[in-house]
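Both complexes shown next keep subunit A, but they swap its partner, so subunit B is in the first and subunit C is in the second.
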Partner chain A sequence: MSKFFSRNKPLIKEFFSRSFGIIGVALLIFYIAMSIAAPIDAPNVLSNWISIDAWQDNPRAVPPVWYMQLINAPYFPTITLESTNHEDSNLTGLYQSVITITLSNTYQGLPTGFVFYITYEYSSQVLTTLTVVRPDNNNITLNVGNAISFPVTNKTISYTTRLTSDTPQLKEDIYKWLSSHKINLTGFPSSANIIIGHMLFSKLNQNILYRENAEPLQGIYKFVLYAFSFAPVSITDFKIIIDGNAYGIMGTDGNKRDVWAGLLWGAPIALMIGTLTSLFSLIIGLVYGVYSGYFGGRLDEILMRIVDVLISIPVLPLLILFLVYFGRASSIWIIIFLISIFGWMGIARVARSSALQIKGYPFIEASKVAGASNTWIIFRHIIPQLLPYAYASLALGVPAAILTEASLSFLGLGDPNLPTWGQILNHAQDISAVQFGYWWLWIPPGLLIAGISLAFVFIGHALDEVLNPRIRRL
Partner chain B sequence: MGFYSYLAVRSINVFLVIVVTMALTIGLFFNAFHDIKVQAIKDEVRGIISGICRTNPARCQNQTDIQNYANQLTATLMHAQGLDKPWYEQLWPILRDILSFNFGRAQSLQADNGDNTVSVIIAERIPRTVLLLGTAVLLTTIIGLVLGLYSANKPQGILDKTVIVAGLTSNAFAAWWVGLLLQFIFAYQLRLLPPIGIMDYTIPHNNFFDVFVDVLRHLTLPLTSLVIVSVGGWALVVRNLLISTLAEDFISAARSKGVPERRILFGHAMRSAAPPIITIVALSVAGIFGGAIITETVFQWNGLGWLIWQAIGRLDMPVILAFFYISTILIVIANFIADMLYGIFDPRVKTG
Partner chain C sequence: MLLEIRNLKTYFFTSRGIVKAVDDVSLSLDEGQVLGLAGESGCGKSTLAYSIIRLIPPPGLTVGGKILFENTDILELDNDTFRKEYRMKKISMVFQGAMQALTPVYTVGEQLYEVFKYHMDVNYDEAKSLMEEQLKSVALDPSIMRRYPHELSGGQKQRVMIAMALLLKPKLVIADEPTTALDVIVQAQILNLLKQLQSKYGTSMILISHDLSIIAELADKVGIMYAGKLVEIAPALDIYKDPLHPYTQKLLKSIPRLKQKVEKLEFIPGVPPDLRNPPSGCRFHPRCPYVMDICKKVEPQLVEIKPNHYVACHLYSEGGKR
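Moving on to the complex of A and B:
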């Protein structure tokens, strides 16, 4: 490695003396950093991307938090509160366990929903309630016990339950709370008709019924969770997730997925697709073109006519045909294979004309006289001469492959299991993100695709200028 | 060899490319072609059976009887069309059908008048795609030529530097993503132009001028997105070709002779650089076509691209195969026209 650098020092220096080269390398470093950050920041995303359960606790299609701050809109971020700090007591045979979670609400916006995860350890029938102590003292009692079907047992077991703002029992409790506080519920004949996601944090007046009108109530909230039983009982874990109207760094999509995690994972996948495809088509094109040019004659004629036919077939329609025929949800490996199979013809033409030129040089004749085989000459003498061209076309092939994959994904022909940028754009188009103003679903992936393409275009251009001095005059 | 024999050789070449491509495609996707034909026969038999049942209900009393009759009929029709022969004997009839634009019936897509013959559906969409694609290629070529010419005339000038940067960067953007951006800004935010469609059927069109204006308003955004992403790279190519031409002696000679600058650029330099430029225009048609497929779906421009998107969604194989054939022909013909123009501008190639 160090030998490579010392030998090519002038070339490397020349490369970095070009602003295109520097910008390209800087961009590439950014994407490599993203690729390294992806498994650290979002470790399980790759296997969970199409799972609905993995994302069910997130709000649906909400913008990033910083954007709401930037446009000065009232927002409530998505927050998670957890406590395992339970106080257990025994009052003459009645066992009791209490967990309290305190939240100081200073946000100007309203949440869109909430999720409770509660873990009980019990051995006999459990009575449990959750009291929400509000700053205005209009406390709400939620009969969570009625919503949970505890497995019957006679030995101590641990049981985790999930309750959300869509759980009918919780809606029923809030409905009762509203009517007991003289809220006019005309038009809402039953608890099924109300949406309660925002109500815990809203001022208690007639406006509370609709999230758009409700006024946020700031102050200290306490969630006090009780469990009673005639056998030992304890609440070992209590987790509250409040779904805001904003989420994380890049918001969420229509399937509640974290867009930031998807964008991060898009980087290593795009780099892999781009480099592998470019490398495969380069190898095919180089070997094919050099063989054709080196052997010449009838073989050359036939091989080049094949290239003529292949090059006049429109690639995207052909890829569409293949992918539809072999099943729409193709794996990424099939896509890489197909793009490289149909992307080498241009390289073959250039490689052939160079090989034609090189095979007339005296040193080829000399090595023939010395007894070198054709394969030896092709791989040891001709292909190394073509490497400067190869490096540049390797770099320039990457953006083409990435754009093709994005286009196929956008048409719904990509690998749906992977969070590629094209898949994110496809989903954005599915839910009409442009029309509804969900900009975080389509602007960032488009810019990332453009950025990674630019990185390789700039590097390729700078390489081309450094390694092929002839075109520098142009 | 004169121009006409050049024309003849090229035409035979075009035909060969199309035949070879389609023969290979049929070989690869034989099952798909076979299934389409079998499906058509089954549909026909179902129609005959239901016709019999309507006119003569007594014959349909016995289910096994009528089923046997249907199977027999299917077998006869399949035999009549040679569908029971080994695959290599079926290749030629399929190829003949495809080459004569007989693609059978679509599985679920329809033309505007309700016809589900694939060739009718395709024929209806072609003019719309040609309108978008043709205008895009034309505008890209003209704008690119002018930009490239002026930047080549003043290397390292402001325009030249802009062209280099634009040429390198614009290829990195997908036309359809730029389309999304334009749609967002000009249609959904500023509400200046319609976001989707070709024509607004809710407003009355009294005369041809109304139709023209309406189509133009719908055309603007998809056209702009296609031109924006291709014009930069195109101008850069023209610039690189012309910059070496402008350094040649005959240009200096013309300058010293006092030929006006404009004539040197458009007459002398352009004429001599025309052949490679034409080849690259032809090659860029394929690239713009690829971008146009998806740009059409973004803007729901009711052409071939929007059709293929619909066909993918419904897995309508006859339409997808026909689309592939038609787009191959479009690209091959574009290359053919380029070859012809090349022959006109550069007399030396006619020997090929």
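Moving on to the complex of A and C:
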């Protein structure tokens, strides 16, 4: 490696003397950093991208937190609170376990929902209540236990339950709380008619019924969870997720997915699609073109006519046809394969013309005299001389492949299991993100696609200028 | 006898007709002998060389004759056997285009090592000492192995080519205009080197040149070719002292001399014939000063006029003028 650098020092220097080259490499480093960050920052996203369960605790289609701060809108971020700090006691045969979570609410906005995860270790019937201690002392008691159907057991087992702001028992309890505090519930004949996601954090007045009107109540909140049983019981874990009207760095999409995680994972996937496709096309094109040019004659004629036919077929409609044929089974590998198969013809033509020229040089004849086989001559003596061209076209082939994949994904023909930028755009299109103003669903992936294309185009052009003697600037 | 060529015919099947570049040529070469082949450009001397190493560029084909190398007809061998067993190992070649005969992307050492790779199972370290020795024998510093071709001068490149050609100690080396494109001093050095190496290894050599003075330096035996035919072949001294064929005579007169004062350099009037449609009879007859009727009709055969001196000319057959 160091030998490579010392040997090519002048070329590298020349490459970086071009602003193109510097910008391209800087952009590429940015994308590589994203690729490195993806598995660290969002480890399980790749396998869970289309899973509903993995994202069910997030708010739906909310903007990023920094955006709400920027436009100075009242917001409540999506937060997760967790405690395992339980106090267990035994009062003459009655076992009790308590966990308290405290939240200091300073946000100007209201949440849209909440989720409780409660993990018990128990062996007999458990009675559970959750008391929400509010700053205005209008405490709410939620009969959490009534909403849980504990599996019957004889020995101690661990069991986790999930309760949300849509759980009927919790709505019922809130309904009772509202009516006991003399809120006029006309128009809300039953608990099923109210939406409670924001109510825990709202001021208790008539406006609480609608989230748009409700006034946020700031201060210290305490969530005190009690569990009672006649057998040993303990709450080993209590987790509260409060869904805000803002989420993380890039908000969420219509399927509650974290857009930032998707964008991060888009970088390694795009780089992989781009480099693999470009590499495959390059290898096919180089070998095909050089064989054709080197052997010449009728073989050359036939091979080049095949190229003419393939090159005159419009690729995108053909790809669409193939992918419709593969349907939902169209994995990323099939897409890479198809783009490669239809992307090598231009390279083959250039490689052929170079091979025609190089095969006339005496050193090819000298190798033949020395006893080299045709294959050896092609791979050792002709193709290495095409490498300058190959590097440039490798770099220029990457954005072409990425854009093709993005177009196919946007049309809904990509691999649905992977968070590619094209897929995110496709989803934005599906939920009419532009009309609803969900800009975080289409601007960032669009910019990222444009940026990665630019990176490789810049690098490719700089490489071409440095390596291609015909357009080299001296 | 190391090499015997019998009635070799190599034609180029171009779209505009068949070019008979080598037509019915027979000659032989003993071990350790140097054969010079001379003639104008396009007379088929290079094609003859390429026929021996079986690398005639398409659309050329050897259509007839035999090339017996150590009594094996090498034209009968299949391509792979010939490539692996003969090229470089038994028959090697030094090119005229020394300037471009090395691949620009590899070092000299890598390219020399390739020769070993094609033919034997040796690793680089084993081959290295052999290569160093070989480079020393062509008066090059072994450190040149780490250099790329563009770092070498023309003479150095030609020396590398010679080293490469002799690397596997072949029985026969074909030197096709080994000194063209080199300046005169380097030419002399290369010729001396060839001479020295040839006598050192006892290699047979076919030296091809349009320059009779270069051939005179090295050759034991000289063949003169004209329009795809061998017109005269004789020991070197005989050719220079007593050329028989009118073409040979003219060719020798057209060489500028250092020691003799020459009024005017002679040249041979006319142009070499179109090999697609060569003249009937003797192919030299349109340009021959001694042309007779028979020359236009009957093709002369190579006849031994003096011991080992063969000539194809009607002047020396029965009924000829001399």
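In this section, the second predicted complex is superposed on the first by the 468 of 474 C-alpha atoms of A that agree within 3 Å, B and C clash if a C-alpha of one lies under 4 Å from a C-alpha of the other, contacts with A are read in each partner's own complex, and residues count from 1 in each chain.
Here is the rule we use: contacts are C-beta pairs under 8 Å (C-beta built on N, C-alpha and C of every residue); 3 or more make two chains touch, one makes a residue touch a chain.
Here the structure is a predicted model, which is why all the values come from computation and not from measurement.
Overlaying the two complexes on subunit A, which is it for subunit B and subunit C: clash or fit?
Overlaying the two complexes on subunit A (C-alpha atoms) leaves subunit C and subunit B fitting together cleanly.
Quick one: classify A:I36 as touching subunit B (first), subunit C (second), both or neither.
So A:I36 meets neither subunit B nor subunit C here.
For the superposed three-chain arrangement, provide the angle subunit B-subunit A-subunit C between C-alpha centres, rounded in steps of 10 degrees.
Superposed on A, the angle at subunit A reads 60 degrees.
Using the superposition on chain A described above, determine whether A:L11 touches subunit B (first), subunit C (second), both, or neither.
neither
By the touch definition at the top of the document, which applies to A:A366: first (subunit B), second (subunit C), both, or neither?
A:A366 sits against subunit C, while subunit B stays out of touch.
Return the chain, subunit B or subunit C, that is in touch with more residues of subunit A.
Touching more residues of subunit A than the other partner does is B.
Figure out whether A:F20 sits in contact with subunit B (first) or subunit C (second), or with both, or with neither.
Touch status of A:F20: first partner only.
Quick check for you: in the superposed arrangement, does A:W442 touch first (subunit B), second (subunit C), both or neither?
first
What's the minimum Cα gap, in whole angstrom, linking subunit B and subunit C in the superposed view?
18
Which positions of subunit B touch subunit A when the two form their complex?
17, 20-21, 25, 29, 32, 168-169, 171-174, 176-177, 180-181, 183-184, 188, 195, 240, 243-244, 286, 289-290, 293-294, 297-298, 308-309, 312-313, 315, 317, 320-321, 323-324, 327-328, 330-332, 335
Contact residues on subunit C for subunit A in the complex?
By the definition above, subunit C touches subunit A via 53, 55, 58, 80, 83-84, 87-89, 92-93, 95-106, 114-115, 118-119, 161, 164.
Help me check something: in the complex, which residues belonging to subunit A touch subunit C?
Spelled out, the residues of subunit A in touch with subunit C are 296-297, 361-363, 365-373, 376, 380-381, 384-385.
Sort out for me which residues of subunit A touch subunit B in the complex.
20, 308-309, 312-318, 320-321, 324-325, 328, 399, 403, 406-407, 410-413, 425, 429, 434-435, 437, 439, 442-443, 446, 449-451, 453-454, 457-458, 461, 474
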